[in-house]
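Read through the structure below, which is laid out as structure tokens, and then see the notes.
By letter and in written order, the chains are A, B and C; residue numbering begins at 1 in each of them.
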Amino acid sequence: MNVKIKSRLVVFVLSVLVWCALVDVSHIQEVIVGIIVAIFVSLFAGRFLIQEKGVKNIPKRFIKAIVYLFKFIWEMIKANFHVAYIVIHPLCPINPGIVKVRTDLKKDFSLTLLANSITLTPGTLTVDINDEKSELYIHCITVPSTSVDENSKAIVGKFEGLLKEVFE
Amino acid sequence: MSEIREYIGIILIVIGLGFDFLGVLGLVRLPDVYNRLQAATKCVTFGSAGILLGVFVLQGLNSFGFKALLGIVFIFLTSPVAAHAISQAAHRARIPLSKKTVIDQYEEDKELKEGNNVSS
Amino acid sequence: MKIFRWIIGLLILGCLFYLNFFYYEAPFLLKLVNVILFCSLFVLYRVIFGPSPADRIVAVDIFGILIIGLLAILSIIYDEGFLMDIGLIWALLSFVASLAFAKILQGRSLDE
């Protein structure tokens, strides 16, 4: 099956399900309006969701994605207590700086997820990516060290392995 | 049973409010744009997600609760992207970092690239 | 000097906490709404007195996320579903607005 048609079908089913969760399903005209809106959405924006074919090992990738989600939530709770400690402390013990780290990920989608995860985890914020998509610039509240390799292991290493197994 | 559910919902809302307040306090206390952006983005995102989760627990599985869940997914996807865009724009607009800053490898690389462009 | 300022701030915040939660008589959820209104006062301080334009943009972005929480608690109090819709749409518009502000700060045109 063509990839674009498959992607449009997936977007159509997902948007109908979300619409049915948001409105009162017992009236039939609400469901009809939802199907019309879903047709327009899948025609205009449906081709961006799935862009490759032949993905293998789907159950294993799904389990890894759930492991990634729980690890991400745990890191985020740690990040919040870290920031709360810095804000409450009378002297604000910060040591900020912008450092450079390397990454091995290639696809745009997994790079976006990696940057978002780094932004929501302790003391780090993604500022920019260079032109070859191989180095990220990260602002840290407390700088761990000045060498690129140690920073890569400390900041990116937590998520990179799991993301590579899930998406590539 | 429903009383226990109400207690869990109220406790989640109170925890979320506490983190909201801490994030906004960080927005006032910390010294420059990037540190403020870190504290505020993390804590306010987590706090608003806690409030919406509490609303979902209080309301149960109806259309109201699903709207709260959709709100959680939405703020988790959008707020890091907004923080990233603002910090990149601030650095390119030459807004200075605070005096405590130790190292700035981004600035070094930008100057290196501009020097190459001028010489070639 | 810094520790002195910290202690004064702690005393003021403690007084406001006591007045809100033990002196003021109202339903419990309305007291929680007061906390969010107080947070928005802090954000407005950063909007008005921010030393650089980027500080003001950060404050407006954070304000948009705070409003979602405020509207969620209000929709619990009055038991009205449409307040939640307003919150979702407010979040979407504030996201687009902060992206546009970032592009303006950078000096690029909006349709790049």
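By definition in this document, a residue touches a chain if its C-beta (ideal position, glycine included) is under 8 Å from a C-beta of that chain, and two chains touch if they have at least 3 such contacts.
Every value quoted in this text rests on a predicted model; they were computed, and no experiment measured them.
Q: Would you say B-C or A-C is joined by more C-beta pairs in contact?
A: B-C
Q: Would you mind checking which chain's mean C-alpha position lies nearest the centre of all protein C-alpha atoms?
A: If we average C-alpha coordinates per chain, B lands closest to the whole-structure average.
Q: Taking the mean of the CA coordinates per chain, how far is subunit A from subunit B in Å?
A: 14
Q: Measuring from the mean C-alpha position of subunit A to the mean C-alpha position of subunit C, what distance in angstrom results?
A: Spacing between the chain centres: roughly 25 Å.
Q: Can you give the whole-Å distance between the Cα centres of subunit B and subunit C?
A: Centre separation, subunit B to subunit C: 12 Å.
Q: Could you pull out the residues of subunit B that touch at least 2 other chains?
A: As it turns out, subunit B has residues touching two or more other chains at 23, 25, 37, 41, 45, 63, 67, 70, 81, 83, 88.
Q: Contact residues on subunit A for subunit C in the complex?
A: Going by the criterion above, the answer is residues 90-91.
Q: Can you check the complex and tell me which residues of subunit B touch subunit C?
A: Per the stated touch rule, the residues are 10, 13-14, 16-17, 20-21, 23-25, 27-28, 33, 36-37, 40-41, 44-45, 47-48, 51-52, 55, 58-59, 63-64, 67-68, 70-71, 74-75, 78-79, 81-83, 85-86, 88-90, 92-93, 95.
Q: Taking the touch rule as given, give the residues of subunit C at its contact with subunit A in the complex, in rising order.
A: 2-3, 6
Q: Quick one: which bits of subunit C touch subunit B in the complex? Just the residue numbers, please.
A: Spelled out, the residues of subunit C in touch with subunit B are 28, 32, 35-36, 38-39, 42-43, 45-46, 52-55, 57-59, 61-62, 65-66, 68-69, 72-73, 75-76, 81, 84-85, 87-88, 91-92, 95, 98-99, 101-103, 105-107.
Q: For the complex, give me every residue of subunit A touching subunit B.
A: The contact residues of subunit A facing subunit B are 18, 21-24, 76-77, 79-80, 83-84, 86-88, 92, 94-100, 115-116, 119-120, 123-128, 130, 137, 139, 141, 143, 146.
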